[in-house]
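Listed below are the structures to be examined.
You will see two complexes here that share chain A, one where it goes with chain B and one where it goes with chain C.
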Partner chain A sequence: MRRILAFSGMTVRMLARRRTIWGVCALTALALLGIGLIPSYGVASSGWFVLDLGMSAMELGGLVLAIGLGAGIFPRDRETRILLPLLAVPLSRGGYISGRFLGGAFVQIAMTLLWAVALMIVMLARGLPVPGGFLVSCALLGIEGCFLLSVVVALGFRVSPPLNAPLTFLGFIICSLGRQDFISLLPGAPGAMGLLWTALPHMAVFHVKDAIMHGFRVPPGFVLLAVLYGVSYTLLTLSLAYASFSRRDLR
Partner chain B sequence: MTALPVLLALLVPMVTGSAAAPVQPSDEHLAGGSEAVELSGQEHHEHGAGERSDCTAWLFEQPWASPGQWPSLLLLSTILLALSAGILLVTGRHLRR
Partner chain C sequence: MKDCALSVEELSKRYPRAGGFRRFPALSGVSFELDRGEILGFLGPNGAGKTTTIKCILGLLRPDSGVLAVFGSPPASPAVRARLGYVPENPDYDDSFTPLEYLSVFASMRGIRHSDEASRALLGRVGLSGWGGTRLRRLSKGMKQRLSLALALQSRPDLLVMDEPTGGLDPGARKEFRDIILEENGRGASIFLSSHILSEVETVCDRAVILSSGRVVASGSLDELLRSEDLWRIAYTRGGTAGSESVHRAGLQDRIDALRASGAEIEEVARHFRSLEDVFLTATEGAAR
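Moving on, here comes the complex of A and B:
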């Protein structure tokens, strides 16, 4: 475990040196600032769209960040030939995946926290109240980001980075569809599509922004359930990545 | 084997959509009062007291507002965790060989 934690620390340092990450961070911060500058035109409920757009920007920023963090990890390690020495002595294949994912997840959560603080500053600067449950909503976006990162890392073992990004985007869009919208993609087979929809992860589970925007209290039991749901899917994705990586010939 | 009917009873409604029992807006909300804060723009209510609005159905059908979906989510999470453990176990055995 100590080796994996040390390796995840190395991963954080490696990721922090990349310009891509800081680019995504800066772009999302700029988007939040832009949202904050939208004039209210005297509309009393302008806080509603600042929060809505702000949290949507955070979610999309999390998706792009996950792709930026995870898509190149395995191909780059292989290209720079540090993978074989790592696996030869200090790390098992499972340790490699765990270390790289934990490092990436740390950066993902740190960035989500940073954006949450930025959005809070924007709202307070506009004299808007920060609703109760705001941080809970941001925490669920962080969990969603970690799940997306696990998908990107898992895909990274099989597909190249240019293909990884559109596949993840497509998956994100499909997983954001409601049941009826998903079935309408293939209306001829509602049963099979309904079953497939059930098996797919639902991004809606992590979305509580509508609740906090409209002043409804999100039950703590549901928050715990959403965290369990996100962790379960993340573990499954990483297990599949491990199974895929363990059969891979690295020579 | 006795777990199978329970499993189906929890998962099938989620597939067919009949498990979605949305949280109803509170009596106070329906009566024209509000539990919401100023942020929500309550002045834009378009339904009369005591009536449900189709315009807001999307809000009350979201997972956080549909306790009917929660047992299915819990069951699905448990299945996923068991599946992960199974995959790790099988892969570990494969690697040891």
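Moving on, here comes the complex of A and C:
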């Protein structure tokens, strides 16, 4: 475990030094600041409007960040040949996947927290109330971001970064559809589509912003289940990545 | 199986052809051994299968058939890899890191005690004194190669696998690398050295294996490979001009008599030793035909 943690620390340092990551972070922060200007134009009920738009920006920023963090990790390691000495020292392939993912997940969560703080500052500066449960809602967005990162990392073993981004984006959209919308993609096979929808992860599980915007309390049991749901799908995705990578020849 | 550092028996590996279903053989029945404390030169033209063999040794490729053992165990086992050091060909590490950072992270991953002093000493040994805190983007290709060597030596490996370690280095740096190889061998490490530079192999290796088109076409100690039992060299002077020629043993006496009859004075008759380049070219051209 210490080896994996050492490797994930190296991954954090590597990712934190990439300009593209800071670019995504800065763009999202700018979007949040821009959303903070909305009350100036007198939009009705601007408090929940700012929160709704802000958290949507955070979710989208999380998706873009996950792609930026994960899509190039394996192809880049392979291209620079660092992969060979890494796997020649006692770092197993499972250790490689875990270390890279944990490092990426750390950056993903840190950025989500940073955006959450930025959104809170924007709301407080505008005199808007920050609802209870705001941080819980942001934490669930962080879990969602980590799951998306696991998808990007898993795809990274099979497809190039330019293909990884649209595939992840497509997956995100599909996993955000409700049951009826999903079935309507292929209305001729409602049973099979219904089963497939059930098996797919649902991004809606991580969205509690509507509840907190309207002053509802989010039950701790639901939050715990949502976290377990995200962790389970993340582990499943990483297991698939391991199955794909463990027996692969590194030519 | 014999207790040796590395044992390869009938190793075969096929690669799929791009865009097709047929597979071409990269290695076909490759066998050799590296005894403990020995330096083995691994030679072959481009595409002969040297890097494929090395990747099989490191557990990065799975052979289609054959048996491969490092210190008597499968190469992928963590216990074996803890005893390995690997110097890759043309490494290009993440250039936002410094050599000291790389050494620190690799030490943690290997589970060995790390100190800045030890890392600086190691960097000094490979000729990177004063460069420990410099980002890799500012280092030359040769300096990155030196870092590779430092990373490989960090754990004092029992088996050092080197894939073209001196490619792209200047002659001075090559000599430093050779000296380090000999020092490591002196403390008991076995060395597997894949190289294109024949003079290097001739200087440091105890034995050599020559690979061509995925097959071993020659192997043995350097004495065995360089000595030609059938050829003898006659050095002579005739009319004040020195000359020499190589003659098959069966015709040696007749040729000496003929030279003497022509007025030549025989200076020396000695067994003919070929250069490693002669051996390499003869073996690989013979295999190509």
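As a convention for this text, the second predicted complex is superposed on the first by the 245 of 251 C-alpha atoms of A that agree within 3 Å, B and C clash if a C-alpha of one lies under 4 Å from a C-alpha of the other, contacts with A are read in each partner's own complex, and residues count from 1 in each chain.
Everything that follows uses one rule, which is that contacts are C-beta pairs under 8 Å (C-beta built on N, C-alpha and C of every residue); 3 or more make two chains touch, one makes a residue touch a chain.
Just so you know, these numbers come straight off a predicted model, no measurement behind them.
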**OP:** With the two complexes superposed on chain A, say which partner A:R2 touches: chain B (first), chain C (second), both, or neither.
**Re:** second
**OP:** Check whether A:A139 is in contact with chain B, with chain C, with both or with neither, and answer first, second, both or neither.
**Re:** neither
**OP:** Could you say whether A:T80 touches chain B, chain C, both of them, or neither, answering first, second, both or neither?
**Re:** second
Original post:
Between chain B (first) and chain C (second), which does A:L149 come into contact with in this model arrangement: first, second, both, or neither?
Top reply: neither
Subject >> Which superposed partner A:M55 touches (first chain B, second chain C, both, neither) >> reply: neither
Original post:
After superposition on the shared chain, which partner residues are touched by A:V89: those of chain B (first), chain C (second), both, or neither?
Top reply: second
Original post:
Taking the superposition as given, does A:M14 touch the first partner, chain B, the second, chain C, both, or neither?
Top reply: second
Original post:
Looking at the overlay, what does A:D210 touch: chain B (first), chain C (second), both, or neither?
Top reply: first
Subject >> On chain A, positions contacted by chain B and by chain C >> reply: 247
**OP:** Provide the residue numbers of chain C that touch chain A in the complex, in ascending order.
**Re:** 15, 52, 55, 58-62, 78, 81-82, 84, 86, 88-94, 96-97, 101, 105-106, 108-111, 148, 151-152, 155, 161
**OP:** Spell out the residues on chain A that touch chain C in their complex, using ranges where they run on.
**Re:** 2-3, 6-7, 9-10, 13-14, 17-18, 79-82, 84-92, 247, 249-251
**OP:** Note which residues of chain A are touching chain B in the complex, please.
**Re:** 44-45, 47-48, 51, 93-94, 128-129, 131, 179-180, 191, 194-195, 197-198, 202, 204-205, 207-208, 210-211, 213-216, 218-219, 221-222, 225-226, 228-229, 231-233, 235-236, 238-240, 242-243, 246-247
**OP:** In the complex, go through chain B and note every residue touching chain A.
**Re:** 11, 14-17, 34-41, 43-44, 59, 62-65, 67, 70, 72-74, 76-78, 80-81, 83-84, 87-88, 90-91, 94-95
